[in-house]
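Next up: some structures, all given as structure tokens.
Here subunit A shows up in two complexes: once beside subunit B, once beside subunit C.
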Partner chain A sequence: MATIALPGTETTAVQPVSKGPDRRGGRGGRSGKAGPVTYTLLTLTALVSIFPLYWTVVAGSHTNAEIAATPPPFLPNASLFDNFRAALDQAPIGKAILNSVLVSGSITVGTVLFCTLAGFAFAKLQFRGKGLLLSLVIGTMMVPTQLSVIPLFMMIADLQWVNQLQAVILPTLVSAFGVFFMRQFLISALPNELLEAGRVDGASTFRIFWSIVVPVARPAMAVLAMLTFLTAWNEFFWPLIALTNANPTVQVALAGLGSGYVPQRSVIMAGTLLGTLPVLIVFTILGKQIVGGIMQGAVKG
Partner chain B sequence: MTIASQSSREAQTASPPAAAPAAPDRTPARRRTTLTRNRWGYAYVAPFFLVFGAFSLYPFVYTAWVSLHRTSLSNIDGGTWVGLENYRNLLTSEFFWNAARNTLTIGILATVPQLCLALGLAHLLNYKLRHRTFFRTVMLMPYATSIAAATLVFSQLFGRDYGLINTALEAVGLNRIDWEGGTWSSQVAIAVIVTWRWTGYNALIYLAAMQSIPGELYEAAEIDGASRWKQFLNVTIPSLRPTILFTVVVSTIGAVQLFGEPLLFAGNGTTSGGSSGQYQTLGLLMYQQGWSNFHIGQAATTAWAMFMIILVIVGLNAVIGRLRSRADR
Partner chain C sequence: MATVTFDQATRIYPKAERPAVDALDLEIADGEFLVLVGPSGCGKSTSLRMLAGLEEVDAGSVLIGDRDVTDRPPKDRDIAMVFQNYALYPHMTVGENMGFALKLAGVDKAERARRVAEAAKILDLSEYLDRRPKALSGGQRQRVAMGRAIVRSPQVFLMDEPLSNLDAKLRVQTRTQIAALVKRLGTTTVYVTHDQVEAMTMGDRVAVLKDGVLQQCDTPGELYDRPANVFVAGFIGSPAMNLVTGQAVEGGVRVGGAVLPVPREQLARAAAGNGQVTVGFRPEAMHLVGPGQGLPVLVNVVEQLGSDAFLYTKLADEETDDVLHPSDVVVRTEPRSAAAAGQKLWLGVREGALHVFDASTQQRVD
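Coming up: the complex of A and B.
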């Protein structure tokens, strides 16, 4: 349900950086050497970016009284693990993490598959109404999906899907951004000659898709997969409506934590940390690729 | 896949041109038509448009229909037609105008500093840097943090009695602030959360655009004796204009929909946006109408009003962008 948007072809806000975002030389705008002021400012920004996450660890290890002391504690301690246990007992964090893995995983597989299929058709196949359909895709990238939740809720209530995971998986199974992203990539990355060669060899259309298109599309599919997983994991509004604490995703469970069901702050912070940890671990491993992906396109969740 | 077939029924009523017959079960006759000119295109786009039509396009359009009914959450299929009554109620409701005002002020507080900071940050990141990847990745960490997690942490930091920010204020001799209780203080605090989450992301977007500015432009400016600041103003900013416009539009759409931060900021799960609604936003109001007051029709009206506001803002941006580019010529 996230609004994922990419600059439309008309606006061309971000040029796909096909040569790699780090290419310098004559290009790359002004590329003087960074001085100490630049490093200082960037280090400060980095600290501000990390501090709230670090503070989650500190606040998860200390009681209210300890946190309010002057000077406040700046190091975590072993009571963090007690608070982890308390959070797992008092809130359905464990179930939520499993659910979120399932939901985000399904959404990622579906989005990458469907968007690659559609992106390929829009990039390389001719069919009537293609221009119209493509402008429908581009036009809807900007429409906030949050505004569709009411009929969507009526729909899943009719289907008796409230509190069931398919209620949050299915509506998010495709993304207009993904289609556009794959199309832009395949237009330049997939040579027509390759497709023609496959056709001459007598391969069926779907054979061509699996053995020619998918291998070429793989890097873009990987980027789309990472961005989709991140967006799906952090999806808030729709899961909050469609699910309850009886069968939550991580974000629904966190909303429950913040709604006063759990009285201790340290436990709330420990729970928040547990729910954020999986995505932070993934981000630490794949951060460079995610940065590259965002610089190639533009995703807003 | 049984689920998908259930939904496809609705898709066909909802988006006739979109959900074109895919006919996946028909075996491809050995036709001699070229690959790039055939009907298989429909089969490839069909899964996307089926899901998209059923779960995005149809609900979006149907929102308008619901907004013309009095519909209760406990009896969602039993709405009664009331015409424009929900709209009249909305426009005469002080809650709506309060939420609209808050959405506007929080939106400005969150968007303007965010994009200015992002621009400056992108400028810094564009220098030749050691540890370049490290800086970029770290600045994207807030983006990877969910709204719920970020808001829970920040509401601790902004806490009146135990919050680190008030501890720091007191340490330098200032008074503690009841961040959540005040109008301006709560709105600033919420804007800080939004700014924290999105600045790094927007900086990367600007950085990507900066790197595609041809170096010759800067060389020419240098020959003309332009200082670095002049170069930034006269080369960088004009080249980034389409990107800036894009980020303004996207951030504005995000700001109009602001929901999770005001919902979780107080830490008690109420949908009123503070004791006097001091940080109630339109997104939160819609949720309150629908899921606290069970008045789905009224919530749909608010949703539609939000869409109208977004349309106006996007339209204004387009007009301004066109006027600016005409003025340049």
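Coming up: the complex of A and C.
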């Protein structure tokens, strides 16, 4: 027995040491040094991706007539700031951005918290009616938003919440997709033994959730947070119904921009740029963590 | 420190036809090291998890000391468990892993640090206290799992195949370390393994389970010398005991071309069922005899281990050399013995080394 086992001993002993170089070697071997083709393709992709944003800047700094000219202008100019001012005069964009931060922030915190709780329950806890409940939750994904808009509006009106932020926050505090997403992640990423070790160590279910489940779920929570924040920031349909221009989110405020006999596209573009900037800044700062989160989530989930 | 009692403890999984653990009766003394052993699916892990409170008890009861803990949650049982895959919290350092239970129990920070440092010293983990489990080798992780258990000074240690993720050499080392450590701490320990060598070397007593039913619980020596039934006889020992079923005849049991002598009274009781008797003899209980005097066998394979040699042989006909039975008869001989594959040999069983079982009930007959 001992003779058979000896080679196994060596591999295990060597493993931690060899892991690092192995990985690096593997990565180097796969891609090698990026050649001109790779660089050209990546540059093209980057240009195509960044063009709409750049065009927003260009269009935001020219009048309708200048944009319509052939060839169109390709450089922004200083009148962008005049258009910023026009947009800010026409719609309460400052307030709208603040509102959007509040709304999207609350929705993100709520969704991540509740979806992780529910996902954990569906993934790892035993309770009666679990299968039925889960199919109900997933089933709600098949109901189109449009169908529930009228009853939802009636409820909001009864609560006298029209034109108040809780009217757009509350209905989206938890999402069926998020519950399912967290459940799928936790089923594979969270070993049952970890929960059992927690129970033997004397932790309550809530303590287990807080001290063991949340740290393990963190990568998936980051991904869910990013997706939720973006969706909430871009949400237009329901906020347009529940809010007015007196207390708008960014998207609602933008809808009221540049209106008139001929829409002022430059003002609309300048306003759009203003409404997008906060998200851009946040994602430039947090980009690395978010990409890391997506990667981790992808590998584990 | 406490005794542990299983009283007719039964676990039936939902939708299962037969119980995973069937009316288990076990008394474990204070400070005893008891090993639960058996093939996979025999209910040994389930029994341990019933004691831990991780598995429901459908009938009967489980006691720790005088306390009936059958319906108590794990945290009220004062136990510590070592899992097969260690179940270390990946986001906590070694020190935090070991101190987590104490933290939950409300032990203050200084006391916690003191006890963790003490346990780390015993397990030679002092320099790793600030590392995450990810940065540790398999053997170190195993020790952290042990540390997490001993730091609490519980009444009972539960260990669920704690060595099976280690490579063979480390497993043998750690085996002796765990046995010594537990002996030193004097804590009652229930240890689950599928490896009978581990069971025999570590346990004060060993309980053999099969299909959820306790077969025998005894000291390693007794299990080896006096297995209670055919299953235990075949399970304990490596290579396994040779077991052959034959017809009871005058003076003994006919096996292949020879009659193995069995005392008359013992033979009568063993053959009471259907006249068939199962006899068992260990590889080391055999010796070579002259032609025509014992069991005729044909050598199939010779294994040289240096200290011993094992002959894997088949029962053969006395005259024609035809193989009579497909199963192997394993014989331990002197190293570098002259036997070669294809050779015909005659085997005798040492006096008093023959185990006799009733073939219909599979039970031992003395």
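FYI, the second predicted complex is superposed on the first by the 221 of 301 C-alpha atoms of A that agree within 3 Å, B and C clash if a C-alpha of one lies under 4 Å from a C-alpha of the other, contacts with A are read in each partner's own complex, and residues count from 1 in each chain.
Note that in this section a residue touches a chain if its C-beta (ideal position, glycine included) is under 8 Å from a C-beta of that chain, and two chains touch if they have at least 3 such contacts.
This structure is a prediction, so every number in the text was calculated from the model and none was measured.
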Which superposed partner A:A78 touches (first subunit B, second subunit C, both, neither): neither
First, second, both or neither for A:F237, with subunit B first and subunit C second: first
First, second, both or neither for A:P215, with subunit B first and subunit C second: second
Subunit B versus subunit C as contact partner of A:L194, first or second or both or neither: second
Per-residue touch tally on subunit A - higher for subunit B or for subunit C: B
Touching partner for A:A34 - first (subunit B), second (subunit C), both, neither: first
Partner chain in contact with A:I268 - subunit B first, subunit C second, else both or neither: first
Which superposed partner A:A246 touches (first subunit B, second subunit C, both, neither): neither
Touching both subunit B and subunit C, residues of subunit A: 5, 11-13, 15, 196, 198-199
Subunit B - residues contacting subunit A, complex: 3-4, 6-7, 10, 17-18, 20, 28, 34-45, 47-49, 51-52, 55-60, 62-63, 66, 76-77, 121, 124-130, 132-142, 144-157, 161-162, 164, 167, 170-171, 196, 200-201, 204-205, 207-216, 218, 228, 231-232, 236, 242-243, 245-247, 249-250, 253-254, 256-257, 259-260, 263-264, 267-269, 283, 287, 290-291, 296, 299-300, 303-304, 306-307, 310, 314
Contact footprint of subunit B on subunit A as seen in their complex: 3, 5, 7, 11-15, 17, 21-35, 38-39, 41-42, 45-46, 48-50, 52-53, 55-56, 59, 64, 67-68, 70-72, 110, 113-115, 117-118, 120-122, 124-127, 129-130, 132-133, 136, 140, 142-155, 157-159, 166, 170-174, 176, 179, 192, 195-196, 198-199, 204-205, 208-209, 230, 233-234, 236-237, 241, 250-251, 254-260, 265, 268-269, 272, 275-276, 279-280, 283, 287-288, 290-291, 294-296, 298, 300
Subunit C contact footprint on subunit A (complex, rising order): 1-2, 4-6, 8-9, 11-13, 15-16, 191, 193-194, 196-203, 207, 211-212, 215-216
Subunit C residues within the subunit A interface of the complex: 52-54, 73-75, 79-81, 83-85, 87-91, 100-101, 104-105, 137-138, 148, 167-170, 172
